[in-house]
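Per-chain numbering from 1; labels A, B, C and D assigned in written order.
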C-alpha cells in the first residue's frame, strides 16, 4: 500500500487533479494558499488602476466596457478567494494579510494609470501577460485552482482583445492619440515583462512548484512566449517597439530581447512604486467604510434567525 | 436727570453712536445680535457658492481674484462675529445657532452656482445689492457695527467691480460666453432684488429698527436704488433686462418694475431652495472635521501654560 | 401637435430619459472598487452598467430622431450642465452606502411603475427599451428592498444612517411625478407616461417597505425641483467635469 | 551650453517652478470654506494665493522666454498631465489638516533654503521672483512650524495623525533634492540652484522641529520619484480635470 505522500505524488505524475478533501503535503497547501491568494489580491487591487478611469472614459461604449471589465476582475477575485478557502483558510484572514503587507499582490498594479491609453495598454499587455501565465496554470495540479483558471482565461482573453482594440483606435487616431498610445506602451511594456517574475535561476518558489505541478512552465519560458506574441501586435499598431535591442533569433526561433531592469523591478516591489501605499490604503479605506454595512447585515441576520426560532417554538 | 432709556434715545436722535459699554434696551441688543450675526453667517455661508468655482476658474488671474474675494468674505465674517461679540454673546454659540437652523443667513446663498458666469453675477448683483444696504448701514446707530460696515463696504465695492468686469469679459466674448452671462443674469437678478427683504408693509423687524436707527432706509427704498443703478449696467453689457415690465417713470424719477415672485422667495427661505441643506451640512462637516484640530490647540496651549507655571515656580 | 413636433418632443423626451440614466449610472460607477465587500462591489457595478446601457439606448434613439449625424456620445459628452435635463435625484452625490441604497429604493420603486407604462408606448423604440429595463429593475428593486430591510433593521448606527439618508433625499422625490407640457402632451399622445398618477402607488409601496424596515416615512414638507428645465444642483457640474474632460480635451476624436 | 540652449533651459526651468507652484496652490485652495475654523480658513487661502501668484510670475517669464505669444494660462491650462513637471509632493491630495500641515512644513523648510539661493541667480527675473517669495515663505514656515508643534504635541489623536502624515509624505521629499542634467547645468551656470547640497541643512531643521513637536523623523527607506520627467501619481490627472475643464471646454476664449 502507498503512503498518502506516495499516493499524492502518483496523482501528480498521472496528471490527476488534487481535490480539497485529498491528502496533500502541508508545504503544498501553504504554497497554494500563498499563490492563489496572491492571485486573488492582484485581481482585487487591479480594479483600482483601471477604476481610476471609469468616470472619465471618453465614450459611453468604452465606459461600459471598462466598467464591465473591472467588475469581471472583482468576479475573478471572488473565484480565487473561494479556491483559496477550499484549502482551509478564511477570506477575512487573507484580506487582513494583504492589508498588513504580509501577503503580496502583483507589483504591476503599483504603476499609476496616467492617461486613457494606459487602460488599453493594461488590457493588452498586462492581461496579455497574465493570460500567458494562466493558460499554463489551467493545467495546475490543484483542481479548484485549475478550474478557476479555465473560467478566468476565457474572460481575460476577451479583456485582452478589448484592450488591444482600444490601442488600435488610438494608434490609428489623431497624432495626439497615437502619441498617447506610444507613451503607454513605453511605460507598460517592461513592467509587463517583469510580471513573469525573476529569471528562473533566481526564482524563490519555482523548483518545488514545478515538481508539484503547481507551476507548469518556467518564468523565462512564459516570458519568451509573451515577447514573441507581442512583436507583431506592436507592428500592427504601427508603434515603435520599446526594446531597442529586440532581435529575431532564427536559431532559437524566438526573439532575443534587451536586459530587463531588475533594479527597477525590486525598487517597485520594495515600496518605491508610485502606488504601493495608495493601493493598500484605498483597500483599507473602502473596507473600513464598509464595516458598518457588514455589521448591520450580521445584526439583521441574527434578528431574523431569532424570529424564525421564536415562530417555530410558538408553533 | 434723564433715565438711561431717555439718554439712549437722546444719543440716537443726536446721531451719536451707541458703544458696547453704553446702556441699551434689551430689545435693541437682541435685535442687533440677530441682525449682525445673520450678516456674519451670510458672509461665511456665502463663501461656499463662490468657493465652488475656485478650482475651476478659467484663468490664473480669475482664480487669484476669486480666491482673494472668498478669503475677504471670511474676513468680513470675522469682523462681524467680533462686532456681535461686543454685545455679550460668544461666536461658538452664534455658529451653533446657525448650524441648528435657529439663526438665518441670506437666502440668496441657497441658489446654486451653476456656471462660471454665476461668479460674475454674484459679484455684480449680489454684492451690488449688499453694498446698497451696507452703505446705508454705515450710519447705523451701533458703533462697532457701523465701523465694520465702513470697512466692509470698501472691499465689497472692489468685489462688485471685479464681478462686473468678469461679466463684461463674458458679455463681450464669444456667443457661448455671452449666453452664459445672460443666463446668469436671468437667474440672479430676481433673487438679488429679494435680498432687500419683503415690502415695507410686510417687514417684521423694520419699524423698531428704523426708530432705533439700526436700519436707516426702508427695504423698498434701498431696492429702488439698486434697480435704478442696475439698468445702465445691463445696457452697457448689451444683455436683455430680465424684467420685461421695467419702465422709466419720469414723474417718480425712478424705474417702475415688475412684481417680485414672493412665493418663490418664501419657497426658498422655507427650505425648498437647491442648497439650503447643502450649505448647512457643508458648514457642519467642515466644523466637525476640524474638531480634532481645535482640541489639539487647546491641549497644546494648556500644556504650554502648565510649563510656564512650572518654570516660574522653579525660578 | 403636428407630426414634426411630436418627433421633436419624442427626441427631447428620449434625451431626458438618457440624461437620467447616464447620471445615475455614473454615480453608481463611483462605487467600483469602493464597495463594502467584494460581492456588493460587483453588484453595484452591475446596476451601474444597466443604467449606462439604458443611456446608450435612449441617446441612440434621440440621435436617430435628430437625424443630423449626431451620436450617443454627442449627447453625453458635449452638452453643458445647463443643457442636461435629468431629474435632480439622479445627480446627487454618491454619499455613503445608506444614501446610495435609499436613493435606489426610491428610484427602483418608481421605475417599477413607470417602465411598464412606458413599455405600452405607441413609440415602439421607447417601448422596447422600457421592456428590457423592466427586467433589470426587478433585480435592482430586489436588491434595494433587501438592503433597506437589512440596514433599516440592522444596527442602531445603520438605522440612523438610513433615516438620515431618507430625510435628505425625500424632497427630491416630488420631481419624479412632475410633468411639463411636453411630457403631458406625449403622455396624452400615448407615447409618454402620466407620471403624476403613479405617486399614490409609489408612496404606498415605498411606505410599506420603509415601515417593514422600521424606518419612518418622512414628512412632505419640502421639495426641490428644476432638473427638467436644466436648473441643477452644484453636484452635476463636477460630475460632468469628470465625465466629459477627456472627450472635450481632444475634440473630434474617435475612441 | 550655447546662449540659445541656456534660454530654452531657463524657460523649461521656469515652467517647472511654475508647475510646482500652481499645483500646490490648487491643493491649498481646496481648503477654502473647509478649514477647521474661520481664521485658519483665511490663512490657508492666503498661502494658496501666494502660490498662485508665484505660478503666474514663473509662467509669465517662461512665456516671455518662449516668445511665441503664449501666456501664463497656456502653460497652466492647456498642458496634459504628462507635460506637467512639478515635483510629486505638490500634487498629493489635500488630505486632512495634519497632512496639509506636514507637507507645508517639509516644503516650507525646503523653500527657506532654496529661495535665497535662487535669489542670487544670475537671471534677474528668477532672482526677483525668489526675492518676493522669500518673504512669503517666512510667514508660511512660521505657520507650519507652529502647527507642527501644536498638533504634534497636542492630543494623542493629533499626534497620531501628524506621525501618519509624516510617514506618508517622507518618501516624496527625496525628489526635492534631485537634479537632472538641465538643472545641474543651470546651477553651474549660476542661474539655478545646487539643490542636492541643501538636504543636510533641510534635514537638520526639519528634524529639530519634528523632535520639538515630539514626532519621530521617519526612516529613509523609500522614495518615489518622477515629477520632473512628467511621471505622475494618479492624483494630478484629477486635479487637472478640475482646473482645466472650463478653459478647455471653451477653447480660444478670453476670460
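Keep in mind that, in the parts below, a residue touches a chain if its C-beta (ideal position, glycine included) is under 8 Å from a C-beta of that chain, and two chains touch if they have at least 3 such contacts.
For reference, the UniProt names are A, B = Ring-1,2-phenylacetyl-CoA epoxidase subunit PaaA; C, D = Ring-1,2-phenylacetyl-CoA epoxidase subunit PaaC.
Note that this is a predicted model, so its numbers are computed, not measured.
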Q. Looking at C-alpha means, what's the farthest chain from chain B?
A. A
Q.
How many angstrom lie between the centres of chain A and chain D, each centre taken as the mean Cα position?
A. 37
(Q) Could you work out how far the Cα centre of chain A sits from that of chain B, in whole Å? (A) 57
**Q.** Multi-partner residues of chain B (each touching 2 or more other chains)
**A.** 56
Q | Shared interface positions of chain C, touching two or more other chains | A | 80, 241-242, 245
Q: Would you identify the shape of the chain contact graph, picking one of line, ring, star, complete or other?
A: other
Q) Which two-chain combinations qualify as touching? A) A-C, A-D, B-C, B-D, C-D
**Q.** In the complex, chain B residues that touch chain D
**A.** 44, 47-48, 51, 54-64, 67-68, 70-71, 74-75, 77-78, 81, 116, 166, 169-170, 173-174, 176-177, 282, 286, 289-297, 299-300, 303
**Q.** Touching residues on chain C, where the partner in the complex is chain D
**A.** 80, 238, 241-242, 244-245, 248-249, 251
Q: Show which residues of chain C lie in contact with chain B when the two form their complex.
A: 80-82, 168, 171, 221-224, 226, 231-234, 237, 241
Q) Which bits of chain B are touching chain C when the two form their complex? A) 49, 52, 56, 112-115, 183, 187, 270-275, 277-278
Q: Mind listing the chain C positions that touch chain A in their complex?
A: 22, 26, 29-30, 32-42, 45-46, 48-49, 52-53, 55-56, 59, 72-73, 76-77, 96-97, 149-151, 153-155, 157-158, 161, 242-243, 245-247, 250, 252-255
